[in-house]
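Remarks on the structure that follows.
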Amino acid sequence: MNSPALSSRHFRATKFDFGSFFFTGLTGLATLCILGILAVILFNIVAAGLPAISWRFISTIPKKDFFEPATTGVLPMILGTSIRVIVMTLFVIPIGVITAIYLTEYAPNLSPVTRVIRAAVNNLAGVPSIVFGLFGVGFFINFIGQGMDRALGHESVVWGQPALLWASLTLAVMTLPVVIVATEESLKAIPMGLREGSLALGATKLQTILRVVLPQALPGIMTGGILAISRAAGEVAPILLTGVAYYMADLPTKLSDQFMDLGYHVFVLSTQSPDIEKTRPITFATVLVLLVLTFALNFVAIIIRARVRKKLRALG
Amino acid sequence: MQPQGKRPIGWMGIHRGHRAHPFEWLAEKAIFLVSLSAILMVLLIFVFVAREAIPVMFGRMDSALIQPIIPPDETDMHPPEKIREYLGLTKQQFTAMDKDIIRTLMEVKVDAQNEIPPSFRTDPDAKLNTTEWRYLLQPYQWTGYEKPAYIWQPVGQIHKYNIVPLFVGTLKTTAVGLLFAVPLAIGAAIYVSQLARPRAREIIKPTIELLSGIPSVVVGFFALLVMATFLQSIFGYQTRLNAFVAGIALSFAVIPIVFSIAEDALTSVPRSYTQAALALGASRWQTAWQIILPAALPGVFAAIVLGFGRAIGETMIILMVTSASEMSWSLFSGARSITATIAAEMGEVVRGGHHYRMLFLLGALLFAATFVTNMVAEIIMLRFKRRLEGKR
Amino acid sequence: MNMKSRIALATLFVATTVACQAAGTITVKGSDTLVILAQKWAEVYMGKHPEVKIQVTGGGTGTGFAALQNKTTDLCNASRKIKAKEIATCVAAFNGAKPTEYKVAVDGLSIYVSVENPVKELSLEQLEGIFTGKIKNWKELGGNDAPITLYSRENSSGTYEFFKEHVLNGKDFASSAQTMPGTAAVLQAVAKDKNGIGYGGAAYGAGAKHLPIKPSANEPAIEPTEENVLGQKYPIWRYLYVYVNPALDKGEIAAYLNWIRGDEGQKLVKEVGYFPLPAQWRQK
């Protein structure tokens, strides 16, 4: 706000501007409060968790007792979280990108269908996470899973129970709006000139989208994907009912296996541990690992977004 | 992208000089179909959650403790359809069973009746169908209570399914969460977008967005292990884990959302507004408070609504921090939100039983509430926007 | 990774999973009270028999029974006896057979209070009064003049149901009773609240005082030690069970069950802090 109008204040009578001072002070205080909260949380977690982290901690599959600080490890949880997030991405990115392409490139702006789709996307974003869990149980496990078992003629229940696939699909439905919105934003930011040029050269609309627009929008799509991943990595409520296990001897190998999870492990350690003081350090350490994972992803998304903004500003 | 209101005449007014390749036409139709998936998902969620709740919604379930018993010896004296309903089986299951199994089931039913402790057999509450709406919403004086009360205690001989304490719990935690989060977030948004130096802005905004990257299970964990004791030592209330603590923890999750969207809305107000106001001699404060904020009101309002939606739907934080499903408006007593109840109790229920259906009913109500909130918010925003644009 | 290789990877993943399910995994689900013990058993057994894989999940006794009925688990850990209603659904699912019950350990339920609480002992009647909300202040029990904060368990807990049935005689908990998600949470809450009282397995030792209990007003108070619990002198005790579909009770699963109930498995019970089965219930 370095406009010349501002410095004109110096020419007025030098009366102290109480209003601005208090207002700025108040809102500045609010900002400081928020930053303070963040600092307190992070500081506590790092201070208590860092001493307990070691390479062994990250790379061990816990044998015996995962409440025992000396022998515990979080490798299966890290892998479980990563695998379910990867499977989720495989489903959510194609559907989200295609929907965003339709909304930006094809949809007539005020047609009722477009409005309904937009409303549906907004609604999906606001659904509570536990309702997604219920949906996962009611639709994916009961309806589709048991249907698959019947169709494939399985004697015992294979797909009609909580599994990695259903948890990932539930998360995909949950993070769909994130991907759609991020992709839409990146598509809208591409200047029309590019599309016009491509059409002028004789390309069809579909070719323009696939060959010209989409590659430009790729960083934005990646941002959306990464934001979806970081959101899904931390969610526990949807997977609570659809696939997470308290303890598994092995790493999950099939889509119909259950899996362990970092977020759920934090929940277990905080509420089920037989000696809360003894497991305090490993609880904090697990939280730290989860935070590092989600922060790293968020950070990457922010950097990509900043770079893309600079590049597109230069273009348009 | 299309000219508004007119029939589409070609993209950007450009007529194609040739017919689109049929494969492309197919691909475009496919794109359209895939993009309907969002609508499909919302519908499916509603259908499948409501489907499980319908028997309770329409009063078709009977959860009375004592129900009329058909002695196993009289199995043949009743029509098969009646026996099937009595045993609660689907047609498929019933036809697949032979006489021995049916007899075993009848005996088990008699055993179940005999298992009831004598003190309950004479209890007048034992004959009530507790899933009727009357018991779900209105207070009732159960045996052993001194006055009518709202009780949610589904596990036990007599199942008490009153959902009012859960609503109260949700409201309490959401109210505290929003009261704490909204002023802070909007204040910070105003500061960051209007009053801070650009350099500071570039650092502060991503940092606050970092707060949104903290998973809710971590916030809940932090509240449980660190905050609850700390707050109790400051305020000195009796219940360590109560709605107040849960509300504050909730606000940590709501602040980043409200901040991000409000800040975006405030920044997207055209610079000309600010410049005009300053040129007319307004101070920074007057500009921000009286010009920019009203102009950005749709966006700010949207931010608050989204924050509200997040607060209502948050599960893990409240699951870890609160506990008692008490019917009390006091902020310092226990509270139990709908979401935490579903998450906590879903594991225990018998699939298809009345408790299971009650939880799905709660889920359906929650979904309906968030759906309506979203719709209302969109309508209000549309009105705001039109009014703003109409002024110009 | 571009689109093509992503699709290829996805197809590969899905293809490998449609293949038949491999045998040799024993699924165990159910009580959170038992889950640490179940995990220990699984770990030691798998160490001795590497070809068997055992997967343990908690979630509550109710979850275990639900899974047993839906056939999504082989063994169900339970901290309470199965109810007739649950037997009925199992019978329907198992084609006429009732689930087989095995006793696997003995547990005493301790009453926790803060170490700062001056109250030294309580009777069963007083406990009923406290947890149903009739007795509201510690001074009625000879303690400080302070309101009592109740800590209870989730509905899905077998511990909750057992306590309600046997100590409260079926009456409801006071609605102000805080429901904690696990016994450890109860313990932690009581440890931090000097006016708190809670209940849970005697295995979760540290942090709070375990009160001796008088079976009735005239008898002496009894401590929740192993001797008293196994001798059935301490009034609040229960068996811990494992339920199984009789059709599955053979081969690896039967061998595992026998091992758990034999001397080796029972040794581990003591390590985790429960009480081993008296000799007459063990597997020879």
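Of note:
By written order: A, B and C. Residues from 1 in each chain.
The rule is simple: contacts are C-beta pairs under 8 Å (C-beta built on N, C-alpha and C of every residue); 3 or more make two chains touch, one makes a residue touch a chain.
A quick note: this is a predicted structure, and the numbers were derived from the prediction, not measured.
Summed over C-beta pairs in contact, the chain pair with the top total is A-B. Using mean Cα coordinates as chain centres, the one most removed from subunit A is C. Measuring from the averaged C-alpha position of subunit A to that of subunit C gives a distance of 35 Å. Inter-chain spacing, taken between the CA centroids of subunit B and subunit C, is 30 Å. Centre-to-centre separation of subunit A and subunit B, using mean CA positions: 19 Å.
Multi-chain contact residues of subunit A (touching two or more other chains) are listed as 270-271. Residues of subunit B found to touch two or more other chains are 320, 347. Subunit C has residues 59, 70, 180-181 in contact with two or more other chains. Across the complex, subunit C is touched by residues 87, 89, 93, 97-98, 100-101, 104-105, 108-109, 111-112, 115, 117, 119-120, 142, 144, 149, 151-157, 160, 165, 229, 238-241, 319-320, 323-328, 333-334, 336, 344-345, 347-351, 353 of subunit B. Put simply, subunit A touches subunit C in their complex at residues 63-67, 87, 90, 152, 154, 156-158, 160-162, 165, 245-250, 254-256, 258, 268, 270-278.
The residues of subunit B lying in touch with subunit A in their complex are 1-2, 4-5, 8, 11-12, 14, 16, 20-21, 24, 27-28, 31-32, 34-39, 41-42, 44-45, 48-49, 51-52, 183-188, 190-192, 194-196, 204, 206-211, 213-222, 224-226, 252, 255, 259, 274-275, 278-279, 283-286, 288-289, 306, 309-310, 312-316, 320, 339, 342-343, 346-347, 359-360, 363, 366-367, 370-371, 373-375, 378. Note for the complex: subunit A touches subunit B at residues 1, 3, 5-6, 9, 17, 19-20, 22-24, 26-31, 33-35, 37-38, 41, 44-45, 95, 98-99, 101-110, 116-117, 119-135, 137-139, 143, 173, 176-177, 180, 192, 195-196, 199, 204-207, 230, 233-237, 240-241, 263-264, 266-267, 270-271, 280, 283, 287, 290-291, 294-295, 298, 302. Contacts from subunit C toward subunit A in the complex involve residues 6, 9-10, 13-14, 16-18, 21, 32, 35-36, 39-40, 42-43, 46, 53-59, 67, 70-72, 180-185, 187-188, 203-207, 273.
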